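Just below sit the structures, each encoded as structure tokens.
Each of the next two complexes has chain A plus one other chain: chain B in the first, chain C in the second.
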Partner chain A sequence: MKFERYGIGIAKGLTVTIRHLFRHPTVSQYPEQRLNISRRFRGNELVWNKEKCTGCGTCAKTCPQGAIEIVTSTDMTENKYVVDKYQVDTGYCINCGLCIESCPYEALYFSHAFECARYRRSELVQSKDDMLETPERKVSGYFYPDKANKLPEQTLLVEKVTEKR
Partner chain B sequence: MATIELNIYNLVNFQSIPPDWPGGFWWHWLFFTVVIIGFVLTMVMGVIYIERRGMARMQSRLGPNRTGPFGLLQPVADAIKVLLKENIVPDAADKLIHWLAPVVAFAPALMIFAVVPFGNGVLLADLNVGILYVVAISSVSTVGIFMAGWGSSNKYSLLGAMRNVAAVVSYEIPLVLAIVGVVLISGSLSLNQMVVAQDVPFILLQPLGFLLFFAAGCAEINRSPFDLMEADSEIVAGFHTEYSGMKFAMFYLVEYAEAVAISAIIATLFLGGWRGPILPPWLWFVVKVIIVFFAMVWTRTTLPRIRIDQLMAFAWKFLFPMSLFNLFITALQVLAGWPTELVWAMIIVNFAVMAILVLVWSKLFFKLGRGRIEV
Partner chain C sequence: MAVRTEPFVLNMGPVHPSTHGVFRMRVTLDGEVVVDIEPIFGYLHRGIEKLAEQRTYTGIIPLTDRLDYISSMSNNFAYCLAVEKLAGIKVPERAEYIRVIIAELQRVAALLIAVGAFLNDCGAFFTPFLYMFRERERIVDLFEMVSGQRLTYNYMRVGGVSQDLPDEFMPALRKFMNMMPRFMAEYDRLLVQNEILIARAKGVGILTGEQAINCSASGPVLRASGVKWDIRKADPYSIYDRFDFAIPTQTTGDCYDRYRQRVEETRQSLHIIRQAMEQIPSGPVRAELPQLIRPPAGEAYAHIEAPKGELGFYLVSDNSIAPYRCHIRPPSLINLTALRDMVRGWKIADLIIIFGSIDITVGEIDR
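Right after this comes the complex of A and B.
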């Protein structure tokens, strides 16, 4: 005997909605309440380590979008490359992470910052100085588990977060 | 027995205007008109808040919580916004009808409250045909809505208005037949005397009638799941597509004022109106109205919108026969004198009748359509 055909479905639906009334809402109030994002966040921006970089240009070669532009010159006295220009158009970036994985000297990381909205298209281009690690632009743990362990744990919505009512 | 009859006789002769009321009728009229307008407007603001917050919580959201403490000032903010908005009238519109429609739709919603008692005899006019007046006047809103649909000269507006007329014409019948059951038991058409007669709330004596009235009432005022006439996924916003500014606000007001009015009628007919212990009568009335409105919000959140053919099938193949059964059974019980002597038996029998009828008729309704609802 199927009770769904006797209008019991309506009663079931009503119990579901009334249970939700007394349950915790699953929304978070963003500007006031910031949840921790994933520690292995594949972010919108890149962080570049100036000291470790040798200017080999592997990142630029591996980028499927061609968003990374690197110009180097040779320093004959030190016998190594000098990075003259290093810039990323994050507007083209598809967050695939191939540049980070391919870097042989662990000099490139994703950034852990996620508020990267800009007013102009041109502001999306990261120049050499915009890519250094700062307190606002921390290094994400993507592809580097030891760095991931140092970041705060991700907040899950199942952990009851208190919010403004 | 004789004393009870005497008491009822005294109450029937109760005059709504106290003899020592200064100035007589006109002061009474002025006072209650102001009270009713104030009551409707504050209740509308309250129920908008309850609906938005309650519905949000049922959908695991928070609802408006920015304006004022707990978002309490949200209706005020909406009202100010809508007052300051530009009033746009379409070029091809029938200007006069387009302008008149919101007023014609709003007045009946306000007029219903003239016969709704806030306490024993505390009402604008204790009409001896009160419920008949309610049924008659509540249908006038439809004229306003059809005027809006016609005057906008927009096909979606007209579609929405046509759907509304179809729904009101169909649902008026089970609505009135459900009321007749209550009238038979209370033996009066005056809303005040109906409340006086409710020693046991009529929801216990008329459970099936309550369900029918609730469903038909929701359809009558076009609340979800019967909100076909403003189904935004199909016909933009139905009859008020072409309205903006204060005129739109009027329609918004009508929507909620009608919901409050139907809640008030249900509270009066089935939940014992102003009667209740400890609290003052008007507070009991407001509490009951809010409880009924909350039930409406609850069903609105739960049930998906039905199609126009399902709307008609539900009215004519489900509610109409059920209301006839309900009327017949209630008439037999009244004839046997159950409402005064065998109240507990009537409660048990009527609940059993409701359960059996709903189950059997749901099955039959399903079979008639061969698994499809619409036939």
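Right after this comes the complex of A and C.
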């Protein structure tokens, strides 16, 4: 390296950084500015469909963490299983989605929520009444493309203009 | 009068910003010069190989996400290939293409982090890292779109992938592919001629080709030393034999070469993605399989070219729903064995750079 040419590389590099001054910021300020998450988002909670569930227990068998607990009893008058207890410990859940994938009756979904912090560990355990679908607990489109199409489209960084301000 | 000196033992890590996770080195120093190092790991041991023996074949896939968390998709890929080899499962054509696209995107994302973290160690404090993170973010957005998560994707399944690509994936990928060469040029302008980087990285931590082969290094570390060995070409898995790509190599095997090697490999990955995007057929994305896979008794080893090197899964089946034994060959651990040869005689400031240039993930070393 010749001494007189020393510094050209640094100057070239600095032009890149200076050019970034005049670009749109790529970062969004989270709590105020919210981006749409993926339509297939695997949220922190599960949504359980009371009508469709037959109590077969496939989800509990597939769960690699053993986070799903299901207790059923037989109803002799209607000749079907009654789900007495359906409980998910979201503290153990790793959001892998294998339960939803395996459910043969399409009775289990991911929720589209992600701000699910709790103060106590016991609050992470969700009983079957906590897991029903409500207007606040939207269903994610993971494994359900028809549900995914109803959700808002994901914000992508490739779509954002980052070149000129 | 001669000054009497004695070796000094320094503990670097386990919580040191430059050790990329919880990794510890016991460094023996003579003044400022490194005499010897002893890597000590196990701080992140979770017993994944043992846990795998109690899980179903599908239930192990979330575990493989947590090996090398920078490149989860590659881990899923290697594991699924091993199970498919064990059980003799044929993967649909479209799923193969999706896997290749996703795995190559993952390689780009992982190599960007590797380069960024290396430059961070060199003292280019977070400027190039942040630029590269921005491009990684675009890839992670795409992964979030297909799998629903941003780090532990759990996307590939035995016999295909979990779901088909959403409709909005291909336009977004095309946009990304148009964008990426410009950003690659920008990184080059930022760094290739940079005198400080050249002074710090060129000629530092030389690993000769022979040494690299002796410690069975793989991936960019091996190819930067001039050995032309890539599993995608040497033992083609999946459908890599259909694509036209080159294996870039460097000559000296110093830190600068390893950095250049990673950049060149990113270019080749983009080249593969471009070809796969054109050729991708439509059709099913998952083979028809029972929910619980019971491969016949036997053993199989499948390896892929992960971003860090050869990632292999060795599975032994006893015809039950869980593997009898699951062994993982992590590239980070094996590449780490080359560290001692590289750092001897260099100063402690160079140790940081040399260590950064190997690009390890501790999640994979400790498993």
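Methods note: the second predicted complex is superposed on the first by the 151 of 165 C-alpha atoms of A that agree within 3 Å, B and C clash if a C-alpha of one lies under 4 Å from a C-alpha of the other, contacts with A are read in each partner's own complex, and residues count from 1 in each chain.
Here is the rule we use: a contact is a pair of C-beta atoms (placed from the backbone, for glycine too) under 8 Å apart; a residue touches a chain by one contact, two chains touch by 3 or more.
Since the model is a prediction, treat every value here as computed from it, not as a measurement.
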TODO: Name the contact category of A:N95: first (chain B only), second (chain C only), both, or neither.
DONE: second
Open item on the list: For A:T17 in the superposed arrangement: first (chain B), second (chain C), both or neither?
Closed with: both
Open item on the list: One more residue to check, A:E123. First (chain B), second (chain C), both or neither?
Closed with: neither
Open item on the list: Applying the document's definition of touch, where does A:D75 land relative to chain B and chain C: first, second, both, or neither?
Closed with: neither
- [ ] State whether A:T26 touches chain B only (first), chain C only (second), both chains, or neither.
- [x] both
Task: Residues of chain A touched, compared between chain B and chain C (which is higher) - done: C
- [ ] In the overlay, answer first, second, both or neither for which of chain B and chain C A:E106 touches.
- [x] neither
- [ ] Jot down the residues of chain A that show up as touching in both complexes, chain B in one and chain C in the other.
- [x] 6-7, 10, 13, 16-17, 20, 26
- [ ] Mind listing the chain A positions that touch chain C in their complex?
- [x] 1, 6-10, 12-13, 15-17, 20, 26, 37-42, 58, 62, 64, 94-98, 101-102, 110, 140, 142-143, 145, 148, 153-154, 156-159, 162
- [ ] Give every residue of chain C touching chain A within the complex, in rising order.
- [x] 55-56, 58-63, 127, 131, 134, 137-138, 141-142, 144-149, 152, 154, 162-163, 166, 168, 172, 175-176, 179, 186, 189-198, 291
Open item on the list: With touch defined as at the start, can you tell me which chain B residues reach chain A in the complex?
Closed with: 54, 56-62, 65, 70, 298-299, 301-303, 358-359, 362-363, 366
- [ ] Using the touch definition up top, name the residues of chain A that touch chain B in the complex.
- [x] 5-7, 10, 13-14, 16-18, 20-21, 23, 25-27, 29, 163-165
